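You will see two complexes here that share subunit A, one where it goes with subunit B and one where it goes with subunit C.
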Partner chain A sequence: MRPSNLIAELLKLLAASLLLISFAMLSRRRTQRLITLFAWQGSVLFVSTLLVAYSAGLTELYYSAALTLALKVIALPWILHRLIQRLGAQWDSEPLVNIPTTMLVGLGLVIFAFGLAQPISRMATTITRHTIGVALAVIFLAFLMMITRRKAITQVIGFLAMENGLFFAATSATYGMPMVIELGIALDLLVGFFILGIFFFQIREQFDSLDLSHLESLKEE
Partner chain B sequence: MVRQFGEVLLAIAIAPLFAGWIGQCRAWLQNRSAPPLTQPYRMLRKLFHKDAALATDASPLFRTTPYILFGTMVLAAAIIPSVATDLPFARAADAIALIGLFATARVFLSLAAMDIGTAFGSMGARRDMMIGFLAEPALLMVLFNAFLLTGSTALPSVVESSTAHAFPIDPSLVFAAVAFLMVLLAENARIPIDNPATHLELTMIHEAMVLEYSARHLALVEWSSDLKLFNYACIGFALFLPWGIATPGADGSLALGVAVIALLAKLLVAGAALALIETLSAKLRIFRAPEYLATAFLLAVLGLLVHLLLGA
Partner chain C sequence: MDLLIVLGLPLLGALLLALFGERTWAAELNAGVSFATLVAVGFLVLRVLRHGSLLALHEQFFVDSFNVFLVALTAFVGFTTALFSRPYMRIEEQRGHLSQRRLRLYHSMYQLFMAAMFLALLTNNMGLLWVAMEAATLSTVLLVSLYRTRASLEAAWKYFILCGVGIAQALFGTILLYFAAERVLGQQGMTALLWTHLNAVKGQLEPRVLGLAFVFLLVGYGTKVGLTPLHNWLPDAHAEGPTPVSAVLSGLLLNVALYAVIRCKILVEGSIGSYLPGRMLMGFGLLSAVLGAFFLWRQRDIKRLFGYSSIEHMGIITFAFGIGGPIANFAALLHMTVHSLTKSSIFFTAGHASQTAGTQQMDGIRGLVGISPTIGWGLMLGSLAILGMPPFGVFASEFLILTTAMREHPWTTPFLLVALGVAFAAIFRKVQPMVFGESDAPPLPHSPALVPVFIHLALVLMLGVYMPFVLADWYRVAARLIGG
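And now, the complex of A and B:
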């Protein structure tokens, strides 16, 4: 088997495990497990970016792989762990819809994403073009997680997972964005995350809870 | 034919050893002093030497069920290509018939549990049927993944075509493997669903059904549940880790020797992994079981989708 063929097979495998991790995130109730899964997602992304960088021979992608490792595998999960310890928030996060229904909706989203990606992947020329559908599905699933969860922290994890999906879509469709944009996104993510961390404390001070449904009762009826 | 008998005898002989190995690993992981590896054999010998006590209301069904259970599990072991693929029995029945065999065993055990009329027996039977009817479609979906990949419903041809393929891990098999692991744990009364070492009757599922059995009947029931676990492990190996299993083209006795050694190595690793999973996870409430098995089913369906849409 030619090495490029082997790499394409490996990338498909990694894409499948990325999707699997997204589904695992949907089915978890505990915040701490979610953070661990998020770190796993980051490491799968890191390996797949490395593989794409190796097969395409692009040095830029090595940098963005390193950035993924530093930010999404090490820094953000560590900060999240610290945060939930400081907030004392290792509790169960109950989803709005029950889990089998959420998974069913997720399944529908996967089909939708694959259907949506078919014309795009026909135009793409990269060796990873089959995985665009998976990347779209990961984005949708993260979106679904943000919609179905109530707690602020899990919504932020959903947001971060969505960024993972976007990053994967970028590498699989076009071998990644220009380095400047990628750096900008990474920095944005970090800054946004810090602001959200401050928000957590503010929300808890105001409502004695991180449940975002309390925010809705501010409206005048 | 000699191979077929050899394979069945091997399965019958080492199934208790596999259970003993899992027990030993669990004991190590939980900081207890481990029982010896031969503990299941000693248990079986002790039980075979005792006199059987039967309830006064026991019907012939209750007495014959252990033999039926043992018979179905031995037949299942003959169908599954654990060592070699060119077996007459394995060619005769496909994987769907295999699931039918497991279902037969389940129905008889449940009927026998209700036969005596004790509260615990019928409670265990009802719970087991609930788990069973949820686990079976998930297992079928997992098998469909493999069937779709190889274009055959017979396990030997699945093994042959996946060993012939140069890169045997298809993306869809990742999903199927996770789903299969979940089904295996549920079907064999392992920890997220049922605790095999429990002494509390109210939380029992499998144990509650065999409470009334004693002596040789109990020995056969225990032996057949060891065999069931062994069979499930071998199905898993056939679907996901088919390396080492002797195929018809290979050189006869040498390939068989390699296959037996490969099987033992796989069982060693799988037992340790099962013990690790069981130690790390907590038992689910019985009402969470449908959710757990629905997740397994959906993962298997997702595997099918990924295969169809990713275009392997």
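And now, the complex of A and C:
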């Protein structure tokens, strides 16, 4: 097998594991496990970016791989762990999630995502073209997780997982966006994350809990 | 150069206010920085007037007739809102709603928000546009939750999550756009995301990819415009945040988000070569206008009421851009201008009205004319202006939109008329007892700064009866640029 072929196969494997992790996230109730899974998703993303960078010979992509490693594998999961420790929410779990139904809806979403991505994949010239459907599916699954979960932290992890899917779409379809923009996106993500951290404390101070079902008073009568 | 000053001044202001925001003169500094920005924008506008559209800094920034008037509008309303917020926030502080530290956060974030909007308007890079839109969301999230009440936290959370998810869709759309552009423009450097380059080759971009990209971009930026069914964050954020923030959200941020949508529409329409993007805008716009108008009936909170009114008006503007063509685009641009001037002035008076009455519930606000004639008449005139009474400018733009719709898409006319009629009845019925009627509430401790209100309303009145040549010319050129 030629190396470029090998890389393409490896990338497909990584894409598949990304999708698997997304499903695993859907099925987990414990916050701590979710954070671990999120870190795993980040590392898969890191390895896949590295592989694309190697095969395409683009230095810019090495930088963005390093950015992924620093931000999504190390910094964000670590801060999340610290955060839930300080909030005393390590062993929180969400009882009211119907996991089998969610999984079935998730399956439907994956099929929909692949259907949507088909015309684009056919045009892609990069070696990773088959993966754009996966990226879209990861985005949809993260979205599903945000809709079905009621805890603030879980919703945030869903939000971050969506960002991972977007990032994967950027590398798999286009060899990554220009560096300035990637830096801007990373900055926005980080700032947004800090604001959310501040929010956790404000919400808990006001409501004594991070359960978002308390946040449902603003409705139309 | 003046472009860099326009972008740099608010950033510098944010830094200064973060350092000195607890001093008593922070509000004056805030207004001063906004005024300096307005002057810088004035010079930029003069240059564009003299030399036409310009590109700067390796083509990363550009100014044409479409964005230059939005930049001017943003700087102007930013300045008048800073003037208004000076006495308003002082009263809030005196009443113990806010501490010095919160005011520091408020002032600093206000300038950061202005900087983000200028960046979004001036950048030529679709990726930077996205980054700036996200930055504008982030800088206002903590402003919405400034009071730290349960309701404001809930509103801010909703705002953050909904707009965050929305803007993530827009990022996917941007990635798809880049994907299509890269095949035509090549991936060397950054040119593949520059709007001017994309616009030059839009005929060669792969239509299927751009069509898909537009769906994501419309949903993404449309969430920030407040188009139904993605509008849920808007009334809450407007009602629970401090009033100056409601004024700039409604008057400026919605415009900037719509600007992003229209920039995308120009590209996509050129690529697909069909009316599909325009039709999508028309559909979303009409739905927002009609639903927004009907939601007005059920409101009890004055700021929520005008939040829904913003949804209705953004719907009308989006609809007009969807029709396309020189006249409808002209009307849409005019409506953007008069709506943001009128709506921000309404929020100024509504803010002081609820401070006077001590509540935002409309049942508790009575007899404003008796307590303070300026607040009362300001609210009344503002409401009449936003409802499209002649001779205010809103009448002119709505009339133009309505007649164009009648000629090109007659089936939409009844929906538009229903939306306008329902909105008229709902708002007028609610504003009238607030302005007239009996009350024994004491006047405010600081005299409110209502000069901005009357300047805004005078401008709206002027646009209704006489339009300066320069402005009409801009609108015409921009309307031709948007095409459709």
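Operating definition for what follows: the second predicted complex is superposed on the first by the 211 of 221 C-alpha atoms of A that agree within 3 Å, B and C clash if a C-alpha of one lies under 4 Å from a C-alpha of the other, contacts with A are read in each partner's own complex, and residues count from 1 in each chain.
Rule of thumb we're sticking to: a contact is a pair of C-beta atoms (placed from the backbone, for glycine too) under 8 Å apart; a residue touches a chain by one contact, two chains touch by 3 or more.
As the structure is a computational prediction, the values presented were derived from the model and not from experiment.
Considered on the superposed subunit A, subunit B and subunit C are sterically compatible, since they fit side by side.
Once the two complexes are laid over each other on the shared chain, residue contacts for A:Thr68 go to neither subunit B nor subunit C.
Legend: residue contacts after superposition of the two complexes on their common chain; A:Asn164 is shown touching neither subunit B nor subunit C.
Once the two complexes are overlaid on the shared chain, A:Ala173 sits against subunit C while remaining clear of subunit B. In the superposition on chain A, A:Gln206 makes contact with subunit C only, not with subunit B.
When the two structures are aligned on the shared chain, A:Thr49 is found in touch with neither subunit B nor subunit C. Fitting both structures onto chain A leaves subunit B and subunit C with a minimum C-alpha separation of 19 Å.
On subunit A, the surface touched by subunit B in one complex and the surface touched by subunit C in the other have no residue in common.
The part of subunit A that touches subunit B in the complex is made up of residues 1, 6, 9, 12-13, 15-17, 19-20, 23, 27, 98-100, 103-104, 106-107, 110-111, 114, 130-131, 133-134. Against subunit A, the residues of subunit C that register as touching in their complex are 125, 127-128, 130-131, 134-135, 138, 141-142, 145, 148-151, 153-158, 160-161, 164-165, 168, 171-172, 174-176, 178-179, 182-183, 187, 189-190, 192-193, 206, 208-209, 212, 236, 240, 295, 298, 300. Partner subunit A is touched in their complex by these residues of subunit B: 166-167, 169, 171-172, 174-175, 178, 290-291, 294-295, 298-299, 301-302, 305-306, 309-312. Residue ranges on subunit A touching subunit C, taken from their complex, read 116, 119-120, 123-125, 136, 139, 143, 146, 152, 155, 159, 162-163, 166, 169-170, 173-175, 177-178, 180-181, 184-185, 187-188, 191-192, 195-196, 198-199, 202-203, 206-207, 212, 214-218, 220-221.
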